[in-house]
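Below: the structure, in structure tokens.
Which chain is which? They are A, B, C, D, E, F and G, in the order written, and residues in each are numbered from 1.
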Amino acid sequence: MIELSENGSGFGNNSRFPYYYGPGGRLVLVDSALEAVNKGSTTIGIKTPAFALLSSHIKPTKPLVDPAEKIFTIDEHIGATGSGYIGDILQLIDEIQLAAQKHRLTYESPIDVHSLAKHLSSYLHNYTIYAVRPQAASIIITGKDQTGVQLYQVDPSGTFFRGAGFAIGQYSDIALDVIQKGYGADMSMEQAVQLSNKAIEKALGERPLVETGVVTAKDGSFKKLVNN
Amino acid sequence: MIELSENGSGFGNNSRFPYYYGPGGRLVLVDSALEAVNKGSTTIGIKTPAFALLSSHIKPTKPLVDPAEKIFTIDEHIGATGSGYIGDILQLIDEIQLAAQKHRLTYESPIDVHSLAKHLSSYLHNYTIYAVRPQAASIIITGKDQTGVQLYQVDPSGTFFRGAGFAIGQYSDIALDVIQKGYGADMSMEQAVQLSNKAIEKALGERPLVETGVVTAKDGSFKKLVNN
Amino acid sequence: MIELSENGSGFGNNSRFPYYYGPGGRLVLVDSALEAVNKGSTTIGIKTPAFALLSSHIKPTKPLVDPAEKIFTIDEHIGATGSGYIGDILQLIDEIQLAAQKHRLTYESPIDVHSLAKHLSSYLHNYTIYAVRPQAASIIITGKDQTGVQLYQVDPSGTFFRGAGFAIGQYSDIALDVIQKGYGADMSMEQAVQLSNKAIEKALGERPLVETGVVTAKDGSFKKLVNN
Amino acid sequence: MIELSENGSGFGNNSRFPYYYGPGGRLVLVDSALEAVNKGSTTIGIKTPAFALLSSHIKPTKPLVDPAEKIFTIDEHIGATGSGYIGDILQLIDEIQLAAQKHRLTYESPIDVHSLAKHLSSYLHNYTIYAVRPQAASIIITGKDQTGVQLYQVDPSGTFFRGAGFAIGQYSDIALDVIQKGYGADMSMEQAVQLSNKAIEKALGERPLVETGVVTAKDGSFKKLVNN
Amino acid sequence: MIELSENGSGFGNNSRFPYYYGPGGRLVLVDSALEAVNKGSTTIGIKTPAFALLSSHIKPTKPLVDPAEKIFTIDEHIGATGSGYIGDILQLIDEIQLAAQKHRLTYESPIDVHSLAKHLSSYLHNYTIYAVRPQAASIIITGKDQTGVQLYQVDPSGTFFRGAGFAIGQYSDIALDVIQKGYGADMSMEQAVQLSNKAIEKALGERPLVETGVVTAKDGSFKKLVNN
Amino acid sequence: MIELSENGSGFGNNSRFPYYYGPGGRLVLVDSALEAVNKGSTTIGIKTPAFALLSSHIKPTKPLVDPAEKIFTIDEHIGATGSGYIGDILQLIDEIQLAAQKHRLTYESPIDVHSLAKHLSSYLHNYTIYAVRPQAASIIITGKDQTGVQLYQVDPSGTFFRGAGFAIGQYSDIALDVIQKGYGADMSMEQAVQLSNKAIEKALGERPLVETGVVTAKDGSFKKLVNN
Amino acid sequence: MIELSENGSGFGNNSRFPYYYGPGGRLVLVDSALEAVNKGSTTIGIKTPAFALLSSHIKPTKPLVDPAEKIFTIDEHIGATGSGYIGDILQLIDEIQLAAQKHRLTYESPIDVHSLAKHLSSYLHNYTIYAVRPQAASIIITGKDQTGVQLYQVDPSGTFFRGAGFAIGQYSDIALDVIQKGYGADMSMEQAVQLSNKAIEKALGERPLVETGVVTAKDGSFKKLVNN
């Protein structure tokens, strides 16, 4: 027997087609996407006025397999990293590389970091409206434009944040806690790299392999660091 | 055994595809969207003949993360704010910024506030008809046009209201109560800012961070206030 | 175990995709839309040979919120009102305003009331055939054309009626009863306004705020009355 | 536990998507549409070599509401009526009015009744193939063409019949019985009108209001009779 | 608790979307369509080298209703009949009439019977692949072309047969048995008509009304016989 | 009560929309299609360097019904046969006949057997990706091209095999066993025909009617043998 | 009664339409596709600076059936192999062959291995977003370009890896273990072939038939080895 209780209107109503909302108005598919992100590689972004740094834990792969690239150059002055399903991250990286290229072709000038983050936000949001799969990846974007060094985080729902310290992926709460406590706006890049490594190490309980990329206010071009 | 009671016609009939209506003719997806709005940032709009003010609680974010922008300039003479899912708010803000731009290009004159609210209403309504996701955001729009200073609230169902005092988001009923009791059409802008702050404070039970924007009948351009 | 009784053919067969019909061939989504209409503002149309009047209860809104407009000018000679979801009403009003405009452009003459009602009927009917949401609003249209003063009611199923007295929305049966008893073809407009007010008052059990609009055989243009 | 019995193949197989067929190969949505037709106004068509008559019971409407038109002129020489959902009837009437017009424009001659019935049949059949709603209306068409006076009934499945006496709608079996017993090919039109009235009266158990239209072999144009 | 037995892979796996196959790989919707055909009018096709005959039981209709046409002329040299839902039969007849016409226009020669049967087969097969309704009608086609007199049966699945004796519809197994026993390649047309009538009579247990059409090798044009 | 067990993730997850995969990653609709193929006519392909032979059991049809053609000429040098639903076989045969024709028109040379098998493979594979019905037919193709005599089997999943001996349809495992044991690359065509007949006879337990077609390395054109 | 536990939000919410995510944010359809891959032929890729080798177990087929080709030449300098559903592998091989061709036509130069792997990744990822079937095949690509000899593995989710040793398909963990232990960057090709054979033999517990292909840094063209 299927009984639907009188007070089932909150949940019961929402439990069928089209299935976008769950109890309390939660976006259930986006929540699932975020669950997947929370199992991704621990990934960090740190910004000071002088520079910004992206660092992502490289999960131990099988021997003879190169670790997957986690730090991506988007344009000369912009880099990005992400956490979540690798297939989804790759698609989003492609999307913003393309957007940066199109901007150069159309306006004959480099895209600013805010516009790129907003573009990605809008692109991700679109996947939450129709009966397709919201993308299971959060992306951290950094870059240097006329407003200085910028750091953004964009989530599967299309929400984006600007800030000086982000952590996404597995145990990111632990990693973020380390960064918040150790952060100083006057840190040297070396100190920031050490802070980032310490944060990922604390999160994972072991000294991990990481990939790192940086952009400085002075130089203005995004560069991947040689792995240590 | 599937039993459907004789009097199940109200609920039982509606409990399947396509799932737009619930018991009593409720729009169930829109109700879910409103549930989400009711968990958003407490957000306020106040209007007097001389000026209007938008103010939105900025939820405490993690350290090192800039609070998300909540007050948006739509056009020189129009501003807006919203409550609900940030991704949805951002998309709606984009939509009305674009509509305002198109109006300027087509008619070589600024759009009036009523037309913009109606455009947003129609845009939101469309999401309630098809098997897509109704947007989970209410928007408050203000501006100065040839009819004076105007203030509108537009809800996920496409319903819109004109008025002198609105509150949306978490505990908005408490906030609205404060505004209704303290409102005076001859308030100074300073008094209005204080009233708005008091309303959000009462709603949340603590002195919150807010972002505020204003437009005056005299000046006619929308400006964000420096956060206090 | 799924048991479907032998005589379950009426209900059981219809209880699955695509879900247009319920037991006894009822249009279940349209019934839900009508349920929503029956919870809308009590709204009235009265017609005599000399004039017609539209009157809609304005639900008490929160202080500082202007009551939503309920009486709409469609074209110089035509007005309309509605009951149901405000977002749906607004869309339907837009649709018939546009239809009236198009008629003027195409035929260089005002549209007659019957054609406009039929257009709305057909527009609403279309939403009952496909897997979209039938609109939850009934509309009353009045106007003066070459056939005199006309009054129509159009329902979510696309059904429309012509007549001299209509009531839709909450407790509309009580309001209609008052109108049927008090109606006279030789009433003055003042008497009609009083009858309409009395009908809404009886339905709601209190003296309500109403919005009213009229068109006369003599003048031929639709005008909103100043609220009393 | 969901158990599906071994012998469930007949029903069980059909009880899911896409849901066109029920047990025994019944077209379940069309059956629902027919159920709705069987609750419509009792409606009659009678044909003799000399003339044909359409008559439809006009359901008592509320006071001050004009009864809905039930007899429609399709073209100068053709008329139609229907039973079922009014919104569906109106759409089908529109469709055949348009088809008749198109025929005149394309061939510069009036459409014959058989072609029009076949067009409607094909139009209705189309709604039974796809995941849309089959129309809940049966239509009776009459007219005078080069083959004489013709009378057709078209059902929601697209089935159509030619004949001299039809009854559709509520208690149509009773009404049809009266017509079959009283019919004579040499009846006068007055006798046919009386027979039709008697049939509807017997079906409904009371003297009803009817709307009537006729076409004669002699005159050849369809005319609505003044209601008696 | 949902229990799906280990060996449930045959049924359980198939019991959900998209629902084309049932246990054992049965095409469930096509099976339903065939069930409906098996309730249609008993219909027969007989072919000898000299002629072919189509005959269909005309179900007793209500008095004053002309029996539906069951034997259709497709082209000068081709005729067809069918059993199943009348609306579906009519559509298929239309389709092959059109195909025959198109062939004449394109190739300036009459279509051969095999090509027409194959066209219908392919047309019906298409309805079994997508989420639409397979047509519930079997069609028997006969005609005279350069290969002599031909007789084909086409089923809802798109399967077609060539032969000298077919029976479809209600109790067609009984009717077919009579034909198989009484058939002779040297029968006269009169004998064939009598055999066909006897077959339908035996199937239905009473002397039925039938409609009959024939094509001869000599004459080569399809003609409907006057009902006896 | 619907309970979903903790360990239900393997099966439970897959048991809903979209329903392509079953437990263990099985393609459930394709499995159903294969089930249907396994109930089709026992059908055989044998190839030696000197010739290839296709042979298909012709299921006993009703008296007066010609057995359905089971061996098809695709192009002058290519033939094919199949097992499964006849409607599906016919469509696939049409598809490869068309592909062979197009090849001749485009390249002015006959298509090679491998390309044709691959085309069919790709055509069938496409039906396994979208929410349509995978075709329930396996096809055996043979032909002579510049690489000699070739024999291919293509299955509903789009998988194809090249070989010297295939059997599909009912009890094909028994038939294949007979062929594997009796096969010799130096067999004469007569011996191959006898082997094929013996295989089908063993599978079905009775001497069956078969249809047979051959292509030789010498002659190079596909020919149907006169039934024995 | 439908019971959904309070803490069912993770699973319960996701267990309905659209069904992309399972508990913990797993991509359930992709997981099913991977399950199918894990039942495919054991397949290996080994790369040293001097050469790369692809080797795939050829499942014992029936006698008289040629084993399916498992090593494919994509372009002169690139080869690929795969494991999973053969129909899916074939489609993906077609796709990258086409992509390599297009690259030559557009840029008049051979495609590099990384770009081709990325193209396949993006192509596969697309199948995970919409309501279609994710492809059940992992592909290993090797080739020689301006960056030397490269080896990539691409999975159904669109994830891709670069490395020196991969194993996919049945018992691939065992095979990979053998390769990891026996690998040396200075192996001769003969040693690599022996290592690969040993790995597949260990995985399957018997000496298997394999198909092998190689590309060398020196020669730069992909060649299939003669089966041993």
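One rule holds for everything that comes next: contacts are C-beta pairs under 8 Å (C-beta built on N, C-alpha and C of every residue); 3 or more make two chains touch, one makes a residue touch a chain.
Everything numeric in this text was worked out from a predicted model, so none of it was measured.
Q: Keeping to the contact definition above, tell me which chains border both chain B and chain E.
A: Neighbours common to chain B and chain E are absent.
Q: Just send me the rotation angle from a CA overlay of chain A on chain D, rounded to the nearest 5 degrees.
A: That rotation is 155 degrees, given to the nearest 5.
Q: What is the distance in Å between the mean C-alpha positions of chain E and chain F?
A: 28
Q: From the C-alpha centre of chain E to that of chain G, how far is it in Å?
A: Here the centre of chain G sits 51 Å away from the centre of chain E.
Q: So how far apart, in whole Å, are chain C and chain G when each is placed at the average of its C-alpha atoms?
A: Distance between chain centres: 64 Å.
Q: At which residue positions does chain D touch at least two other chains?
A: 1-2, 4, 12, 16-18, 26, 131 - these are the residues of chain D that touch more than one other chain.
Q: Please list every chain around the ring, with chain A first and chain G second.
A: A, G, F, E, D, C, B
Q: Which residues of chain G touch chain A once you look at their complex with the stated criterion?
A: The contact residues of chain G facing chain A are 1-2, 4, 9-10, 12-14, 16-18, 20-21, 24-27, 118, 121-122, 124-125, 128-131, 153, 155, 157-166, 176, 179-180, 183.
Q: For a test of understanding, state which residues of chain C touch chain B in their complex under the given definition.
A: 1-4, 11, 15-19, 22-23, 26, 28-29, 31-39, 61-66, 68, 85-88, 90-91, 94, 127, 131-133, 135-136
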